[in-house]
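Chain IDs A, B, C, D, E and F follow the sequence of writing; residue 1 opens each chain.
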Amino acid sequence: MKIDIQTILPLAIAIPLGMGFILPLLGKKLTRLADVAANLATASLVCLSIILLVGRLQGGGAEVYWMGGWRITAGGTVFGINLVLDGLSALMLVLVSVVSFASTLFSSRYMDQYTGRSKYYGLFMLMIAGMNGCVLTGDMFNLFVFLEIAAVSSYALVAFGCESDELEASFKYLILGCVASSFILLSIALLYAQFGALNMAQLGERMAELGVNKGSLLALMMLLAGLGVKAALVPFHAWLPDAHPSAPAPISAMLSGVLIKAIGVYAIIRVVFNVYGWTPELGMALMVLGTLSMIVGGVLAMRQGDFKRLLAYSSISQIGYVVLAIGLGTPLGILAGLFHLANHAIFKSLLFLTSGAVQYRTGTRQLDEMGGLAQKMPITGRTCLVGSMSIAGIPPFNGFFSKLLIIIACVAAGRWGFALCAVIISIVTLAYFLKVQKNAFYGKLKDKWAQVREVPLTMQCSMVLLAVLCVAMGLLLVPGLREAVLEPARDALYQGVKGYQEVVMTLLGSGG
Amino acid sequence: MTGMTVIVKTVTRWTAALIFLYGAYVVAYGHLGPGGGFAGGVILACAYILITLAYGGEHALRVLPRAVASRLDSFGALAFLALALVGMVGGGLFFTNWLQQKWAGKAFHVFNGGIIPLANVAIAIKVCMSLFLVFFILSSVRMFGKDEQIDFRSKEVD
Amino acid sequence: MRRIVIFIVSYLLWCGLVWPYDQNRIGTDGTAWDTGSLLLGLGVALLVAILFGGALTNKPKNLFNPLHIFWVIVYLPVFFYYCIKANLQVMYLVLHPDMPIKPGIVKVKTKLTSESGVTALANSITLTPGTLTVDVINDNELYVHWLVVESAEEDKATEIIVNRFEYFLEKIFD
Amino acid sequence: MIYVLCLILFLVGLYGVLSQKNLIKLIIGLGIMEYAVNMFLIMVGYRKDGKAPIMESGTGLDKFLSGAVDPLPQAMVLTAIVINLAVLALAIAIAMRLYQKYGTYDITEIRRLRG
Amino acid sequence: MSNELLHVVAVPLVLAGIAHLLGRRLSILARLVGLAGTALTLWLGVRVWWLAAGTAEKASWTLPNWQWLGTLRDTPVLHVDALSGFMLAAACLFALLIVIYSLSSVRGKELANGYFYGHILAALAAAAGALLANDFVTLAIFWGFMGLPFYLLINMGKENCEAAGKKMFIITGASDSLLLLGIGLLLASGHKLGLYGEIATSNAAMAGAFLCFSAAAFAKAGGMPLHSWIPDVAETAPVPVVAFLPASVDKLLGIYLLARISLHSFSITPGGWLSSLLMILGAITIVAAVTMALIQHNLRRLLGFHAVSQVGYMILGIGTGSILGIAGGVFHMLNHAIYKSCLFLTAGSAERRAGTGELDKMGGLYKALPVTFLAAVIAALAISGIPPLNGFFSKWMVYQAVIEMGQTTGGWLWIVLLVAAVFGSALTLASFVKVIHSVFLGQEYKGPEKAPVGPKAGLGMRISMVVLAGACVVFGIWAMQLPLGRMIFPATGIPTQLSIWEPQLATGLILLAIAAGLVIYLLGTAVKVRRDDSYVGGADVSAEPDMRFSAADFYQTISKEMPVLRRLYVQAEKSWYDFYALGRRLIFYVGGGLRALHSGLLLTYVAWCVLGLVVLLWLFVSASK
Amino acid sequence: MSEIIAAILIGIGVLFNLFGCIGLVRFPDVYTRLQAATKCVTLGTCLTLGGVAIYGFAGGFGAMGMKSLLCIGFLAITAPTAAHALARGAYKYGVKLKEPTVVDLYQEVEPQPTSIEDEETETT
């Protein structure tokens, strides 16, 4: 069956956007209906994204979609709003939808603790719409717009509980996010001022013609800093350890699992590889930022007593791995980074969900107050173990393979120091996740948790789903699947400015 | 909020409707000149905000109940999306201007932009209601104190 | 009745706004005339009438009373005169090196009874020499900030500030 | 030159964010930053002796493009303003709730989360 | 291509899954699965071992020719040769014995459930996979995976077991990361990842890779300085687990890897710096660990330190790089697995009876546990290297290898190493005298903290202990014929200069001597001697705690009286010599500083962002000039 | 001709606006400043718009002039109201009348809160 991508591509944005406005209409009474609708929406997104992934394979290369078929060319510049579906976008799309499906599944019972569920789902859907738009768009300004949609909904979602911690975290997140957005917008303005184009492909083309000068360098640095805030790279990370733990658990899963990647890392690598073009210095900057995040996040996670805060710091650390690997700029490095990015989306959201499950039953996030919970909550304990093992890089879970690739890529690129850092931090990662296991799930059961029960079935289902994925994702490295999923994503980046521009520009004609 | 002096109330009475009308004008001519859904929507919201300021929150809620506002809010966005999606029916593209052919009026006349004026109207409804809600909620925070549940809705248009 | 008033006023205003006589916008048919906009105006005016029902006026009959309209026309030049005077006074005060001001808040009374009348009076006061309405109490006591206080007594102040408009406004609104 | 003024305005906003302790002033600082960016965008699109980007009767596309200022940045600014509006509304709402919870607008006293 | 190789990995894995599904329900069925599973795996393992003698094609298993496997199609993944074959069989055997032991020992609900057997089977599968791996990646996968069931097994132990488990997993996990680094180094230098590469270690990268792999082996086997998890685990984990993993299978794997990389993957120069480094580490391990063992008060912790110490001999042997040394090391590993798991099992049996593992509170158990006592004595003698038991033979081979190396390369190093090894052997004997006396001989502890008397050893326990003790004797007396001839020499090659040592003859002589001693003893007891309880002032004081002389007290002098040693001991107690603790301290120190930086002040955070931007800008502007 | 008239009107309007602004700077407190601002700016703006209207009608009775007229009306109604609301709000908030003030009868009905510091509110 030939899939007409042109028909269904915008649905990836339209469905969550529409649901984002329909769900709040359901109000306070029809909460179960809101659950069902939200789950159906995310499930349909999963199907859609997989169809897109498969369909893109059938169609070969990338797909470019012009909104409303509206496009004018004037003075060599193409105006119009376009969506670009290449391997990287398709991969990100699948990740976003899978994680959001697991999160909505988890939310249906978890959000019993909160009021205003339909609004929650509305914001949730808006966030998904923002992320989907962000990974699909082929134009700098729309990137900014979608990024802000996702970010604003996430600010609100972090503050959803309206307790003092949550408000504080949300406020800090908001302020830093705002500063970042101004940086991003300013740099987009600078780029437009110099090159007179917003379309990424065209921007890249002109930049290649005119060469990088001071102004575009300033723009690049501002973009790097702004998107670095969104991606929580050290030293732009400070909001993350506050914001991610404060949000409701499914939201933490979304934030750590996909948001910082979709609107942070994805945007960075898209700009660096497809607009500016990778250069050794740029790669070095990414690698240094990545390594710094890796180390700082890992070391700080060791010191945390709060389950979710620990997970948040570990997100910083893992994002560091991703950026380090991608910054290498070698095909293997990019592949490793993207693979780790995908894996991290799965296992970090799993871990946040399990932390939410623990909080749901015990009401605490402090590790030293827990203990022996694996006896009472076997599924949560198992899935958390799987997640921890994955993130710590214990075979046969997926984290092992991506870490293996990252280390190999670092060594192969001759970056010995970075490889050593990666190895050491992977040990530290293992150490703090074993601390989680030791304090929360093993050891002696405290008396006050004698009545604790396992979480409801839907929550279990979502955790088990992700845990199974943790094991199954390792198979993505098998060449057959790698060629279908990871390598197109890798190629989308590795082809650089010229390739991207060719892909998008040759498809200009077929769009409208 | 009990409202302001009789002066303000009276002037509000005189002008609110006219402000609304002006907002409607800005919306309707958005595709021909400066303005459009967002700017017009803000002006529309100003009419309601003026009422809120002059007469107090309770009267404002009688004019525009909150439930209605939030429903219209969603409705506006959905209408906008629906306009875009209708373009896809019959093999078109997202945001196809499906009215342009059938409803091609004369240039510089109101009825000629295809779906663009309609989209403007949808956006205006959305913006107006969002802005009103935001204003209302922010202004009522201090009034109701701690227990009032804040409606943390973010508004995104365009 | 009130709705009809608001509908008519709205429609007139719409026509003013749309002004289908703009030479800059000649359509493809060669004229600027746009029937569509007038039709749309009907709809919008209807919408405004429905939404804002009786907001515009309490006494719709007054609006169509020729006598009232006459007095409005008479009032306007008077008001305009005072307005200019006020500006010149401010100009003088501002430009005078010593700034000979003597500000203060005084109380005045009005005989006007309708809300619209009081409002018009207050606004007129605000726009005319050296005075600014600060508050209205009991619908007929106005507190006025006076840039150069000539008298702090209620009656004297009333005479100076209010009486110059009250006569006309009484005719218009009562 | 005028771009530098925008940059200075941007830096003023940034300084506000960095130096102010009051939540509301901080938000105002943010607003200044955003305005600076918006202004910059408008100036990017500005063309000397350019007309407002509104099609009048009788102007063709080419004439329009050569005569009018660049409309794209204006559209962008409009969108950016909408986004800023949403963000600022949210920020103020959160700031108010924070005031209720912490009893202060001083950001240096709102530091329960650390480490 | 033979599917047996796949089966020996897959079958225990599937059975482990089944056992997991059983969970805490139907413990009888779970035990049955455990027993049948290990037995089946043993059978499969032995079959695989036989395959090793066949052709190369027969001895490996390749991935099937499926489309979606892409370039991985027909890649050999598992391979068996003589070395891995006998190790696999041995690992399976140990698993079977442990399961048999556990059938009667873990009667309570604590352990005898599906999870326990599931983990054992999973660990066995992982061990099989690691042993049969054809390339380093497969090895790393199974190697790392093995930590997980092991960790879960440790978590079933006594209090503080979770801390020990964490330590173990961190160190072995670290070893896995090092494997990855080594793999990266290999790939970066353009080598293949196969285990049979014979890569020269002359350049720095390859030496680094070799060090990475050997560090992984050290961590798994417990060589210093990556040993510190072993005593903790030995103390707190369940006895069958300790006997299964750190005592036998982990050693097997660690030494297997070390032997494999020394023999096949890399070519190291005997007496070169790599080899010397290994040997020095081995010697340090021998002496330091045994010195620590001397002063321990806990039976299992003491045994744990011995488990470390013995690794030193293996490393020393393999470090020589000669075939004799490697064969000696591997043989010692096999022997060690036998007697150390035997010792742990007897310790478990004694501990169950006495209700405690503290040496001071045990004693006089030989009456209640005769079989255990016998097995313990034999194993203790074997570990101390008393002829004609197996421990002696393998140590003898190691000594010979060191001497031979010394003769070829000269220098004084070999003498130091040799002295250290012999000295360590003597200290081992000393500490086992302490153990046997404290636990089995002497008087029963009747102090105030006496735990209730536990049950005697069950049938399954006795079977396992007897089999292992018997193996000690058999492997000692018929060393040339059985283990060396059948197992080790086919793997390593036959060393040219093996000095004549006739175990059978020696055994005969020793037996003769023992018989003579027995006669003299019996003659001595022929004279009647009056025996009575001790009285002081008419009161029976034999039950008084003061009258009890614990062997452990005797050894206190070492740690208390000798100043240099004392300082070392104190520092060791504070874990100054423990990589794990040092790293932990370092990270906590750094983390404390970083935490202080995250002060919760929003303005600081914004300042970081701006500063980051400025630094980036400055760097790039200066780079672009 | 009409262009000249328009220019004159606009010029006068701008001049008034300027005076208003000077008053805004020179006057001592909120109320007097409001006086200046309201009067001058209202009239100034109205005049400017009137000029624009004349200019607009000169060409051909276009939409520009019509809109200007509507603006004038609207401004005339709302500007004083806004000034009133501001003054009242400022008074209620506690902004003091500054030095040359001679009388404050309003204090009888609406005692001013005292806690507000002048300096802070001055700048608003």
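Here is the rule we go by: a contact is a pair of C-beta atoms (placed from the backbone, for glycine too) under 8 Å apart; a residue touches a chain by one contact, two chains touch by 3 or more.
Given the structure is predicted, the values throughout are model-derived calculations rather than measurements.
Asker: For chain A and chain D, which third chains touch each of them?
Answerer: B, E
Asker: For chain A and chain F, what is the smallest step count along a path of chains that touch one another?
Answerer: Steps on the shortest route: 2.
Asker: Pick the chain whose C-alpha centre of mass, unweighted, sits closest to the average of all protein C-alpha coordinates shown.
Answerer: So the chain nearest the centre of the shown protein is A.
Asker: Comparing A-E against B-D, which pair counts more contacting C-beta pairs?
Answerer: A-E
Asker: By CA centroid distance, what chain is farthest from chain E?
Answerer: In terms of C-alpha centroids, the chain at the greatest distance from chain E is C.
Asker: In whole angstrom, what separates the CA-based centres of chain E and chain F?
Answerer: 91
Asker: Centroid from C-alpha atoms only, then distance chain A to chain B, rounded to Å. What do you get?
Answerer: 34
Asker: List the centre-to-centre spacing of chain D and chain F in whole Å, with centres computed as mean CA coordinates.
Answerer: Here chain D and chain F have centroids separated by 28 Å.
Asker: Could you please state the distance in Å, as a whole number, between where the Cα atoms of chain C are centred and where those of chain F are centred?
Answerer: Each chain reduced to its C-alpha mean, chain C and chain F end up 15 Å apart.
Asker: Spell out, as numbers or ranges, the residues of chain E touching 2 or more other chains.
Answerer: Touching at least two other chains: 595, 598, 602, 606.
Asker: Chain C: which residues touch two or more other chains?
Answerer: 13, 17-18, 24-27, 119, 122-123, 133, 135
Asker: Can you pull out the residues of chain D that are in contact with at least two other chains?
Answerer: Only 14, 17, 26, 57, 79, 83, 86, 90, 97, 110-113, 115 qualify.
Asker: For a test of understanding, state which residues of chain D touch chain B in their complex under the given definition.
Answerer: So the residues of chain D in touch with chain B come to 52, 54, 57, 78-79, 81-83, 85-86, 89-90, 92-93, 96-97, 100.
Asker: Help me check something: in the complex, which residues belonging to chain B touch chain C?
Answerer: Chain B residues touching chain C: 5-7, 9-11, 13-14, 16-18, 20-22, 24-25, 28-29, 32, 63, 105-111.
Asker: Which of the residues in chain A end up touching chain E in this complex?
Answerer: Chain A residues touching chain E: 171-172, 175-176, 179-180, 183, 212, 214, 217-218, 220-222, 224-225, 228-229, 235-236, 238-239, 241, 281, 285, 296, 299-300, 302-303, 389, 392-396, 400, 403-404, 407-408, 410-412, 414, 419-420, 423, 426-428, 430-431, 434-435, 437-438, 442-444, 478-483.
Asker: Mind pulling up the chain F residues that touch chain B in the complex?
Answerer: 74, 77-78, 81, 84-85, 88
Asker: Considering the complex alone, what residue numbers of chain F touch chain C?
Answerer: On the chain F side, the touching residues are 16, 19-20, 22-23, 26-29, 31-32, 34-36, 38-40, 42-44, 59-64, 66-67, 69-70, 76-77, 79-81, 83-84, 87-88, 91, 97, 100-107, 109-110.
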